[in-house]
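There are two complexes below, and they share subunit A, which is joined by subunit B in the first and by subunit C in the second.
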Partner chain A sequence: MAVGHRALEIAGLPGPGRLARVREWWEQEHVFGYGLILPALVLLVCLVAYPFGMAIYFSLSDYWVGSPGGFVGLQNYRAILGNETFRQTVQNSFVFTAIALTLKAVLGVWLALLLVRRVRFKRLIRGAVLLPWVIPTALSTLGWWWMFDSLYSVVNWTAIHLGILSAPGPNWLGQSAYAMAAVITVNVWRGLPFFAITTLAGLVSIPREFDEAAEVDGAGPWARFRYVTLPLLKPVLAVVILFSTIFTFSDFNIVYVLTRGGPVNTTHLFATLAYQTGLQGGNLGQGAAISLCLFPLLATAVFFQLRYVRKD
Partner chain B sequence: MESARSRGAKIRAAAFTYANLVPFLVFALFPFYFMLITSFKSNAELYNLQSVPFLIQTGAITDHYAYLFQRTEFLTWMKNSLVISVVATAASLVISILAGYSLARLRYRGAASFGTAVFVTYLVPPTLLFLPLSQVVVWLGISDTVWALIVTYPTFLVPFCTWLLMGYFRTVPREVEECALVDGASRMQTLTRIVLPMAVPGIVCAALFSFTLCWNEFIYALTFVSQSAHKTAVVGVTADLIRGDIYYWGSLMAGAVLASVPIVCVYVFFLDYYVAGLTAGAVKG
Partner chain C sequence: MAAWLALGRAPAFAQKRELTFFSWNHFVPASDDELRKQAEAFGKLANCTVRVDTVAHLQMPAKLAAEAQSQSGHDMFRSAGADPFLYENQLVNIDDVVEKVGKQGGGWYSFAAEMMRTKSGWKGVPWFWVSFPGTYNMAHFKKAGLEHPKTWDELLHHGKLLKKQGNPVGIPISHCSDAHSTYWSVAWSFGAKVIEADGKTPAVNSDKTERVVEWYKELYKDAMEPEVLSWDDAGNNRFLLSGKGSWIHNPVSPYNAALANKQPIADDINHHNSPAGPAGAHSAPPILGMSVWKFSKNIELAKEFIQFLFRKENFDAWIVASNAFNHPPLKNLADHPIWARNPKFAMLPKEAEFAHPRGWPAKPSDAVQRIDDNYILADMVAKAVNGMPTKRAMAWAEEQVANALKGQLKVG
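And now, the complex of A and B:
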């Protein structure tokens, strides 16, 4: 192996066969490395990078389903900015993301703090808590749809019988503020396990001595959480919040199943509006322009992730 | 005296924990309970405003399930979901094992940039790409077939699995690999016979997550397939069971319950892997 085939040839000895030469070439670390990464690279270039480029091209053209159009510059962006529905969607997206994310972060940290305590049936409880995250979202949202039904809502039935609401109770999916509350509730329900379990992993990795030392020094539970636990959780929380921001902002399933963006577009998010405009309406150019509005947020998140979080 | 006081404090602490956990558990589990009992209720009871919604009072019936099997293409949807999830998972795992090993272990120019590229694509949400991808599957001639999904699902599975597996490959001691190479094993043999057996937990974890992500995927399955016979279970139930008439809640809930069963089964057996994958995916990132 140490003697190259060229040297063997010069020495007049029969060189190794072609197969052996190919093998020797393939065994080089960099060749093998490129070889193994190639399938993944081809896939990502053809089905992620190329479609992404297409999305940009679509957004700059008057492309309709079935009729490739021409380049129109920023006309689609100008059109959507002048569109009342789009402006409503921008507002919805920020309201939806801000409220859902805050609830998920607060409740998630609280749940993680409870789960880290010594309790019986630990595995069972964790399993139950994680369940909403595992079940297909579109299907569990169907269950919520039934729970928010205009006539047979179990939420209203319970609230009325507990005396919290007066009959007949709100039409959850038919009134804009209630519909937004419903969509946020389902998103929090679905995303809470992710927050809680990842925060729990962060909590478990904090040595108990820190907490005990603070307790000996006379710090109360809130002070221990605020000045000991929370600062140590910061790196984990930063990653989780970043991930959750992207996936909450780009949510599609919950809104599509629960409200289809209604009533009167008050729960539309970028993804559902892009679906409605680009596929149901056939205006691929404008649809692509709407879904590309997710890109600045994504780029910011990636920047922070690469710049600060992955530094270590 | 001292021990009695600390025992009382312990009991109070435990009571506090459980009392606070109960609302979370009710919130997490109630929708599933409600879907389950709805699927067994008779229509007369479902649409009676006087009945208590939390219980089945007039006897459980299986009519809604029978309807699914006799009057809809539910079994075809389940078969489609299974085929798509298994094939897409297997293909993605092979691609990701190769890529993950390459990025975690081999030194060559550009490896770090490839790693970053994989990570960035991992963050791209499917909702950003579904419009152009719907045109790509038309051009590939696989629009409206299960292949449209088998080909496109790896776009989000491969970045995730590669990322997850890189972490596991890094835990395999380098010395073990070097020994195998010195003993005359080829690089591919070292990967398949030495490294892979040591990374089995990671591979199981990646397989479980991929299967779950495929089975639960919604927007691509909704967009790329329109013929009922080629739909996945999730889209079939969500889109095709809702008829123009009103009384469909029983069969809708029955479909939602049954289409979740495979995921619940996998989940119950491999809970710890889910927890491991979830934390690795986010925290190690």
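And now, the complex of A and C:
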């Protein structure tokens, strides 16, 4: 803490220079504290609050690309609610998120339990597991796209040669149910490492004594998992599921690369439909309205999950 | 201003400006190489640098929207579809260039001109169009003892036999632009419309469209395979080049690709004019232009550059580089030797005789573009071939078309 210049005067020492006065002002708690937050605040305002505000404004206007618009109230929202493609998209998003999230949660915990074991090349394996998460999605999805290709599908080729499928095999990206299965598969493949590694961090932090104590008391592996590990993992799982819900709901790349929302809009998600309507179709107002429909859904999810975490 | 170009030296005020041109990754890459070469040549002549940026064609709309919104970016761009209408009040009127170049070249094809001429003037120079003929594997047709189809009904008949032979035909029914190009063409050939000539009334729900959809359904069931539902713009190319497919409706790019990669299948591939229907033959070729943003600081330079690209020797070199993919929108250039040189290209210029902008008989507009951008027509057919009753699929499309028409731009 700097010495006040009054004290200096009393002590008969020369008054502080300009620099020292600035420093003294800066070092006051209320100035210094806000000063530290300021850079983050500027970033948040410029990169989050401003675009968000613009999106809300666009969604309430009849803005078209290249043409000025005016305020139209909730007209865009009424228009999209009346549109069959949008209703289809809402349904797709829930099916997609529910299935993908369940698979990721179950498989992710399972994978984490495997990774926590002491095996050889532990580090190498843990690193390799992260790969799908690290590779840029657009690139890895292109790989998947090729695997699901109608003519050259390696998935079908393998399955047919193993005798699991009869030729020519399903048309992955051309039939609604298969296309949905394909985008979910890729999403699970990509999102699993995040789930597994974060859960692993939670697992590692559980003291081994609990597990050992339960074992001494005669609890089997399932009972130890169910009554010891799982309850202790809950806070971590809740946070991972929260994040994953957000990532899954707002997915864009996978659907855009694999199906562009087809066949017949049965794989459109909010983000891809918003892109198609707002940027390709030029209807910025409706595009913004579609993407903002995500907001209340995600906000509700965040609210309940955070409350659940705090309660624990 | 043209004077100093002709003299070949730069005026005193030209201090190494940069002209930027935003274009697509051409399906025949050699065409872009030639374009860049000419851009460099122009740069030397006009004492400026010309930067040509290219991206995948499906990414262009988003980028253009961003440039229009932020009022900054490139000076000029490759306009496609209804861009001149969509950005009508953001684009420079280039009537002077259009007139000059048009006069030199014997006039513009009206279908190409219509795509660039808005109510408030020419918002782009027609640059090239892409013919959309029937592309087929002669060996498969010969094996089945068939000639190439002259009508869509013949295609259905031949396709059934070819599918039995193991060589189905293929028209995409999916979220890609080839799906629209073919739909418009088939629909017009059967006398069907999507919107009325007034440009305001949906006309998709009609007896004629019903015939079109029924035709698609039969073709899908008996002459194609479900993979057509998942194709992107390259799907039908791969299908033909794999040796499995016997017929597709597509520009000459598969043939060019086979030639470039020295695939033996190139010898078997040939083209024929787009099939006809009860209402004659009609084609909906992609039509592309060059437009200049109003916010550009190099408007005059951009106009000079466009004229430079249209100089006979430059335009010729560019067509040759694309190996007949780029068709000139100018009538005088239709007898360019490239089409006569290769018998497989000879019939291509004829496609211009029955080409229309999408939306026809209505004038092109941003609303027509929206019908394509939202894949309404492809989805209508996809719904029907997947089992939705044709009448319901048409009613669905009618509602969607009405939505697209509602968003007519207010230009002022």
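The rule we apply is simple: the second predicted complex is superposed on the first by the 287 of 312 C-alpha atoms of A that agree within 3 Å, B and C clash if a C-alpha of one lies under 4 Å from a C-alpha of the other, contacts with A are read in each partner's own complex, and residues count from 1 in each chain.
To be clear about the criterion, a residue touches a chain if its C-beta (ideal position, glycine included) is under 8 Å from a C-beta of that chain, and two chains touch if they have at least 3 such contacts.
It should be emphasised that the depicted structure is a prediction, and the values quoted were computed from it without experimental measurement.
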* After superposition on the shared chain, which partner residues are touched by A:A138: those of subunit B (first), subunit C (second), both, or neither? -> first
* Could you say whether A:N171 touches subunit B, subunit C, both of them, or neither, answering first, second, both or neither? => second
* In the overlay, answer first, second, both or neither for which of subunit B and subunit C A:F225 touches. => neither
* To do: Considering only the touch criterion stated at the top, classify A:S291 as touching first (subunit B), second (subunit C), both, or neither.
  => first
* Examine A:Y275 and indicate which partner it touches, taking first as subunit B and second as subunit C; both and neither are also allowed. => both
* Between subunit B (first) and subunit C (second), which, if any, makes contact with A:N283: first, second, both or neither? -> second
* To do: For A:A179, decide between first (touching subunit B), second (touching subunit C), both and neither.
  => second
* Asked: Thinking of the overlay built on chain A, is A:V264 touched by subunit B (first), by subunit C (second), by both, or by neither?
  -> second
* To do: Give one of first, second, both or neither to describe whether A:F304 is in contact with subunit B, with subunit C, with both, or with none.
  => neither
* With both structures placed on chain A, which of the two partners, subunit B or subunit C, ends up touching more residues of subunit A? -> B
* Asked: Of all the subunit A residues, which ones make contact with subunit B and with subunit C?
  -> 149, 151-152, 275, 279, 284
* Residues of subunit C that touch subunit A when the two form their complex -> 61-62, 64-65, 68-69, 86-90, 174-176, 225-232, 235, 238-239, 242, 244, 366, 369-370, 373-375, 379, 382-383, 386, 396, 399-400, 403, 407, 409-411
* Quick one: in the complex, what on subunit A touches subunit C? -> 64-67, 79, 83-85, 149-152, 168, 171-176, 179, 259-265, 275-277, 279-284
* Residues of subunit A touching subunit B in the complex -> 23, 26-27, 29-30, 32-37, 39-41, 43-44, 47-48, 50-52, 54-55, 58, 107, 110-111, 114-115, 117, 119, 123, 125-140, 142-144, 146-147, 149, 151-152, 154, 157, 189, 192-194, 197-198, 201-202, 236, 239-240, 243, 246-247, 250-253, 256-257, 270-271, 274-275, 278-279, 284, 287-288, 291-292, 294-295, 298, 301-302, 305-306, 309-310
* Asked: If you look only at subunit B, which of its residues touch subunit A in the complex?
  -> 13-14, 17-18, 20-21, 24-25, 27-29, 31-32, 34-35, 38, 46-47, 49, 53-54, 94-96, 98-99, 101-103, 106-109, 111, 114, 116-121, 123-125, 127-136, 151-152, 154-155, 158-159, 162, 186-188, 212, 215-216, 218-219, 222-223, 234-235, 237-238, 249, 252-253, 256, 259-260, 263-264, 267-268, 271, 274-275, 278-279, 282-283, 285
